[in-house]
Each structure stands twice: as C-alpha cells, then as structure tokens.
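After the structure tokens below, expect a handful of questions from me.
Per-chain numbering from 1; labels A, B, C and D assigned in written order.
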Amino acid sequence: MALDKNGIAKRIAQEVQDGFYVNLGIGIPTLVANYVREDIEVEFQSENGVLGMGPFPFDGEEDADIINAGKQTITTMPGASFFDSATSFAMIRGKHVDLTILGAMEVAENGDIANWKIPEKMVKGMGGAMDLVASAENIIVAMMHTNKRGESKILKQCSLPLTGVGCVTKVVTNLAVLEVKDKAFHLLERAPGVSVEEIQNATEGTLVVKGDIPEMSL
Amino acid sequence: MINKKVNNVQQALHGVKDHMTLMLGGFGLCGIPENAIAELVRLNVKNVTCISNNAGVDDFGLGLLLQNKQIKKMISSYVGENDEFERQMLSGELEVELTPQGTLAEKCRAAQAGFPAFYTPAGFGTEVAEGKETREFDGKMYVLEPAFKADFAFVKAWKGDAAGNLVFKGTSRNFNPNMCGAAVITVVEVEDLVEVGELDPNHIHIPGIFVQRIFEGANYEKRIEQRTVRQKQ
Amino acid sequence: MINKKVNNVQQALHGVKDHMTLMLGGFGLCGIPENAIAELVRLNVKNVTCISNNAGVDDFGLGLLLQNKQIKKMISSYVGENDEFERQMLSGELEVELTPQGTLAEKCRAAQAGFPAFYTPAGFGTEVAEGKETREFDGKMYVLEPAFKADFAFVKAWKGDAAGNLVFKGTSRNFNPNMCGAAVITVVEVEDLVEVGELDPNHIHIPGIFVQRIFEGANYEKRIEQRTVRQKQ
Amino acid sequence: MALDKNGIAKRIAQEVQDGFYVNLGIGIPTLVANYVREDIEVEFQSENGVLGMGPFPFDGEEDADIINAGKQTITTMPGASFFDSATSFAMIRGKHVDLTILGAMEVAENGDIANWKIPEKMVKGMGGAMDLVASAENIIVAMMHTNKRGESKILKQCSLPLTGVGCVTKVVTNLAVLEVKDKAFHLLERAPGVSVEEIQNATEGTLVVKGDIPEMSL
C-alpha cells in the first residue's frame, strides 16, 4: 500500500542521525519532526531564524513573534537560539546544516529539482529552497511519486523551472526510497505492499533495480 | 549619545516619495513594521519598489499597499499565501523579482557593510542566474549578486533607545537587522522605546550607528498567519 | 540538544597536528584563547600557520608559540607591540602575510558563511593588492579576497553551554564570533560553562551549530597590555 | 610656535561636528577625544568592537575585557554597544562612520597616505588603517610636518609603501592645516606664530597659498 504523507515523513525520519542539524521544508518535511527517534539528539533549524525548534505551543500559549518558516507558531527547546536571516543562511551556505529535507514538484535522474514555479500558472517563489539545495550536501526530497493525473514526477529531466542542479541525493515518495546517483534513480526500498513493477511504471526517469528490493520497515 | 528619536510615524517617514526603493523587514507577518506600512498607505506614495521577503497577506502587511496599487515592483523570495500578489504578478500588473531568500538577506547585509556584490551558489543553473555573471571557485559554481540600493529601510525591533540601539525578539528578528544601514535612511519602529543606558551593551543586536530615525510604534496587531497549537493532555 | 562539551583542553585539541592552519580569536591580549594556546605550546606542534589579528606579546598569547619557534607563518593585521614577531619577520625566519583588519575579519566570516571570496576596497593600490584580482564597481576599485581555509579555530567566549551557544563580553568579542564555524573544527573555551537553557535565546551571540567542541577554561590571566587610568579628583 | 601633539589634537577637535561618529587612530588621534566641544554629541567608534567609548577608567576600575584599538583600558558611555570585528568593519566599509582621524608617516599631494611599513626596518602592520582609508570619505591626518632629520613628510609622492590612494582630505600638522585637493596641499591655517615661509620650507609637495592665511584659533 502506498504511503500517505505521514508514512513518507516516518520513513524519512529514519535518515536523521544522532547529532544532526536538520532543516525541514514546508509540507511533508515538517511532519518528519514527529517521527524522529527519541534516543538521539537532533536540532531543527528554520531559515527564518531559529535553531532548536520544539513542538507547537499549547493552545493559548502561542507567540506571534515565534514562528517557523511555514509561518506556524512554534516553541523552542532548551539550548535554542534566535538569529537574523543573514546568519541563518550563513548556517546553510556554510554547510553547517547536516540534512535538508524538502518537497518537490519534480526531480530528475541527474539530481535536478523543481519546486517553486509553474510558468503562467502558479508561482510560490523559491523562499530559501535555492540556497538550501545549492549548499547542502545531504538533500532528501519528500514527494508523491506521481501527480494527480497519475503522471510521474520522477523524471529523466525536469520540465519546470529548476530550483537547483544535480543536488538531490535521495528521494522518498509514497512508493519508494530512491538514491540519486550516476544519472539514475537507484531503488533502495519499496513501500509496504508496493511492487517493483508498480514503482517502475510510476517512474519516468531511469530506474536501477539491483537484486531483491526490501520493503521499508516503518 | 547621538539622538535618533523622532516624535511620530509622520516625522519618521518624512521624505518618502513616489518611485523610491523601500526595504521592509519581516518574515510573513512576523516582525513587519506595521506603523510604517500604515503610514505608507496614508501617504499613498505610488510606483514604489519594495524589497521584502514576503508581501504580507491580502488585507495586512504589504498586502495593503498591493491592494492600493502603490507598488510597481516587488523584490521577494516567496509569494505564497498572498492571492492578490500572485494575481498581480501573473497578470503582469506587478513587476516581481524573485530572489533566493539567503541571497535577499545577503544583498541587504552587503549594502549595510559596503560590499558592492558577492558570489553565492544559490540559483546557479536556474532562471535566477540568467543574465548574471557566474564563476567557479574550487570546482563549485557561483552567481554574482549585487548589493541592494534602497532609499529607505523600514525596520521593526522589540526594544530600542534614542541612540538607535536595537534589540529584537524571537523570529521577528529575521531580515530586520540586515536592513539596518542598508538604505540611505533607516527608520526603526519599536514596541518599547527605553531609556538610553537601559540596554546591555553586550546584548544590543544593532548599534545605533546603523539607524537614522527611531520611534515607538502604536497599536501593534502582530497578526498570526498560521496559528498552530497542540492540546494539553 | 546536541552536546559539544569536552572534558578538558587535551580533548578539545585532539587532532591538532604539525603544518595545520589555525585561527585564533583575540585583539591584542583581549579575548585570546589562553588555554588553547598553553596546550599548543605543550603539544609543541610545529610549522603551523596562525590566523590571528595580532601575535600577542613576547611572553604571552601567541608570543609563546613564536618564542618556541612553532609558527611557520602568521596571517595578521598588526605586528606592533611584539618585538620577537617583528624580529622574526624582518630576519625572514617567519613568513608573514599582513592583511587589513577588516579583510581579516571578513575572510573569517566568508569561511563561516560559505562565501568563496569577496570584493573589498581595502588595500587597493597598495602592495596588499599585488597579484590579486581587482575590479571596478560603480566607479570604485575593489580587491578580490578569498575566504580563509583553516583546520581549527580556537575561540574564547565569556559564557557558553554544552549546546555550543556562546555569549561574549565587551571588546573581548572581537574576531572570536567571526571565527566560529570558519574552520573545519571550532574549539571554544569559556570562562563560565552554564546549564543548557540558562542563556537567553535572544541574546546568544553564536548559536551552537557553529561550534564543535566546548570546555570551561582554567586560570584566566587576562593580562592587560596598556593599563590606562585616570585619577579620581 | 609649532604645535605639540596636544595642540594638533586640539585643532583637529574643531573638525568634529555634532552628530558625528568618529574613528580615532592610535597616537595623536586618540588625544582628540579630550578636546571635543562639550555642547555637541559625538560617538567614538573603535574598530576592535565598541561604539560609544568614554574616558579612561578610574584607577582600580579597569577591565581587561574593555579596551580600545590601542589596547588601552577604556570605559563606555550610556548608549554604548559592543560588537564583533566583522560588524565593526561593516560600519567602516559601509560608510557609517562620519570622520576618520589617523596618523601617518607620509602624505602626498594626490591624497596618498603611508603609515604602516618602512621596508626592511620597521613593520607595524596596517591594522584597520587600510580599511578606514579605503572607505571613509572624510579623512583627517594628524602628523608632524617633518621627520626628526627635518625632512618633509608632506610630499609630492609617498616613498613608503602606501596605506591608501587618493584618500586624505585634510592634514593637520604641528605647523599648518592643509586641505588636499586638485593634486596639491592648500594652506588653510598656520600654527600660532608660524609663517607661511616656514610652512613652505617644510613642505615638499605642491603648496597652494591663496590670500592671507589666518592663524589657527585654539
């Protein structure tokens, strides 16, 4: 069975290692925080200027001056810090953030990613995504394998305006975990009950399948 | 102590004119200069270029200037959550220069610190880099981005004093400190204008030298864009 | 909270080797990492390159490493007040790269923030610019200066916590914050290692993400170079 | 009578205007703070990271962590702030400092200045001077008109390695106040009792003397 958004987040959470500083994008990535193992130490950075984000505040305790990059009210953990935007991107550009998790409209087998614009239809803007993907060495994309019309978003080449080139290292979708290297998507894991064939059919880009592909353990 | 205090928002915005380039602090609705924005609406200056990470929402923040058709051009990183912004942009009424967020912040900081331009990897290989100079350093590609040039910077701080020293709170800090001293005139509104000497010199986020005018703002709404809470067990 | 605390200066300097490039905070003797320097002397690492605004005085600070002939090259802005430094430089025993002070600070900040190089007007038309790329922006000439690349940064802060968050005091701040995260490994010594959560998140000068190791230093001498006082009337 | 160091500082203090942020170099410039009119508001910046410097501390109240760029113990005024070196030079490079006063070994009629090195003899280093002279628009040099051997330091061309090119706007020496423009030193004022001829004899660079030259009023 294909994963839902929380399932994708849960699987990505397994990629988060002890001692990691992690930047979570808007959407599915935000959910990842809910599933990180409790026996490891992780700090979440939000590019609007906070390190050490905690859970959402209790009802009535929200503070308009303390939000995340998704403009949601948040809390902070002991040891948290606030800083300006230039410093925030010093952390990102300077490779001090260990893991970046973000959403995408399309990814390509060479690691290109598109997630900010559909010409003449929709423009959200790139926000901090272009800085993140241009600098991070460990980028995981959280996304649906196909669009609402069933068309693959895991492509030979992106059709939408790019956010970054050759930068994505891993993709976790509702169907699979894919490693991006050598101009191909390497199938690492299947969603529970999803066959290699289903994944192959949903993937437009080059899919490399070597040996038995295990199911994700969630 | 060099006194930067002005009596009200009218004095603070003295000299703002049509066709000027304005910087405005804030991320979403967090840390926006509410009083300066209200005065810009009242002054009804037209054809201004606004440098601001976002453009507020339809009925608050810079969205008010958009509704009022005062803005010729927006320089921002993110449009989402503002339907009128997206509509004016897609229809071509509004000129929009979308800039990666870290580049936006650094273009402010470069102006503040006297750097004419800087190399950043953000946007290389994308349409953001089109027409711009690119260059390789140590095997990685970078885009040359010029510093901003603005007439006024409107900044919101938490506390400040008449010397122009500023302290920010939480994530309402965001672009505000980076915009101080990045325009010809930096105008700061604070929630709390304290006595000179009250702020700890070790904990001043922005020294007064980067500020030309400061005043205590009135009636902050501080609207929350996405109220997300959890329930007590 | 990611724990950066190490137990002592020996653990803090683990991995420092001959021929490495080291950054050291401080201005004159103010805000220098006294414990790290003492350990560098004890380790007797040789042929190191030191990036530090000054080189201490003959018998304190980096002067100790100079006396001990451990330094191959100094990258500094100011030599004055250190006779041994001047002697080794003029005799050619010591390689010295003199760098304008603002350029020195920004070469650290560029390394911290992921900028490969930057344009500064400092030194244009002087021997500092010899062999370097220069360029005109808006009618003014600039010199292209690359970011530093260092193996270790040794930083002295006033207070810090196990998460690596730092607070500096007075002018002992100087280059210290700019060097955090500007080397492969940033080692911080503090006068007072406080409980995590004790530092106000609004008033942390350097967030822990820029720090790899932190420890509480022992026996700070904090020698004053120029004791200047006035008499009470 | 030629001025002493305090006299030079006293004359330069007259150039300091209400509302100025001023950077004072080591040596004579440091003395300028003692002579600034008390009815104007001025803030002194020191490039090691302090704005709003006050007088020296009372004996016993000195703090090793609070010094100026000359490494002297200082105090701060109400409204003072401390900051890091990169921010300090952001103030300088970004032209937020209104007036820079520094010493020199030589100045030339085109505004060049040399003050950091005598090849093979003495190297102090440039400290912050190169940043200051490259960025400031209002630079006053405090210096002796001649060296110990009586040779002019007010030159057609600097012989020592330069600190900055074409940047000096005014020179105040023990003999005169000179404006530097159009590739010449324009004599504005004489030290009390010093004749134009004496100044001319002590000046190697082109000296422009127009009309009656007043004595300084100190």
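The rule we apply is simple: contacts are C-beta pairs under 8 Å (C-beta built on N, C-alpha and C of every residue); 3 or more make two chains touch, one makes a residue touch a chain.
All figures in this text were calculated on a predicted structure; none of them were measured in a lab.
Participant: Does A-C or C-D have more contacting C-beta pairs?
Facilitator: Between A-C and C-D, the larger count of C-beta pairs in contact belongs to C-D.
Participant: With centres defined by CA atoms only, which chain is the most remote from subunit B?
Facilitator: Result for the farthest chain: D.
Participant: Between subunit B and subunit D, tell me the centre distance in angstrom, where each centre is the average of that chain's C-alpha atoms.
Facilitator: 36
Participant: Indicate the whole-number Å distance between the mean C-alpha point of subunit C and the mean C-alpha point of subunit D.
Facilitator: About 28 Å separates the centre of subunit C from that of subunit D.
Participant: Taking the mean of the C-alpha atoms as each chain's centre, how many Å separate subunit B from subunit C?
Facilitator: 33
Participant: In subunit A, which residues are in touch with two or more of the other chains?
Facilitator: In subunit A, 82-83, 86, 89, 92-93, 135 touch at least two other chains.
Participant: Could you say which residues in subunit C touch two or more other chains, in rising order?
Facilitator: Each of 109, 114-115, 120-121, 168-170, 201-202 in subunit C touches at least two other chains.
Participant: Pairs of chains that touch, anyone?
Facilitator: A-B, A-C, B-C, B-D, C-D
Participant: Any idea which subunit D residues touch subunit B in the complex?
Facilitator: It is residues 19-21, 41-43, 45, 51-52, 76-83, 86-87, 89-97, 135 of subunit D that touch subunit B.
Participant: Inside the complex, what are the residues of subunit C that reach subunit D?
Facilitator: 27-31, 53, 76-81, 86, 89-90, 96, 98, 100-106, 108-109, 120-128, 158, 168-178, 205, 222-232
Participant: Within their complex, state which residues of subunit A touch subunit B.
Facilitator: Result: residues 46-50, 55-74, 82-86, 88-89, 92-93, 112, 116-117, 120-131, 134-135, 161-166 of subunit A touch subunit B.
Participant: Spell out the part of subunit B that touches subunit D in their complex, as residue ranges.
Facilitator: Spelled out, the residues of subunit B in touch with subunit D are 1-3, 109, 111-115, 161-163, 165, 181, 196-197, 201-202, 204, 207-210.
Participant: Which bits of subunit B are touching subunit C when the two form their complex?
Facilitator: 114-121, 137-138, 140, 142, 146, 167-170, 201-203
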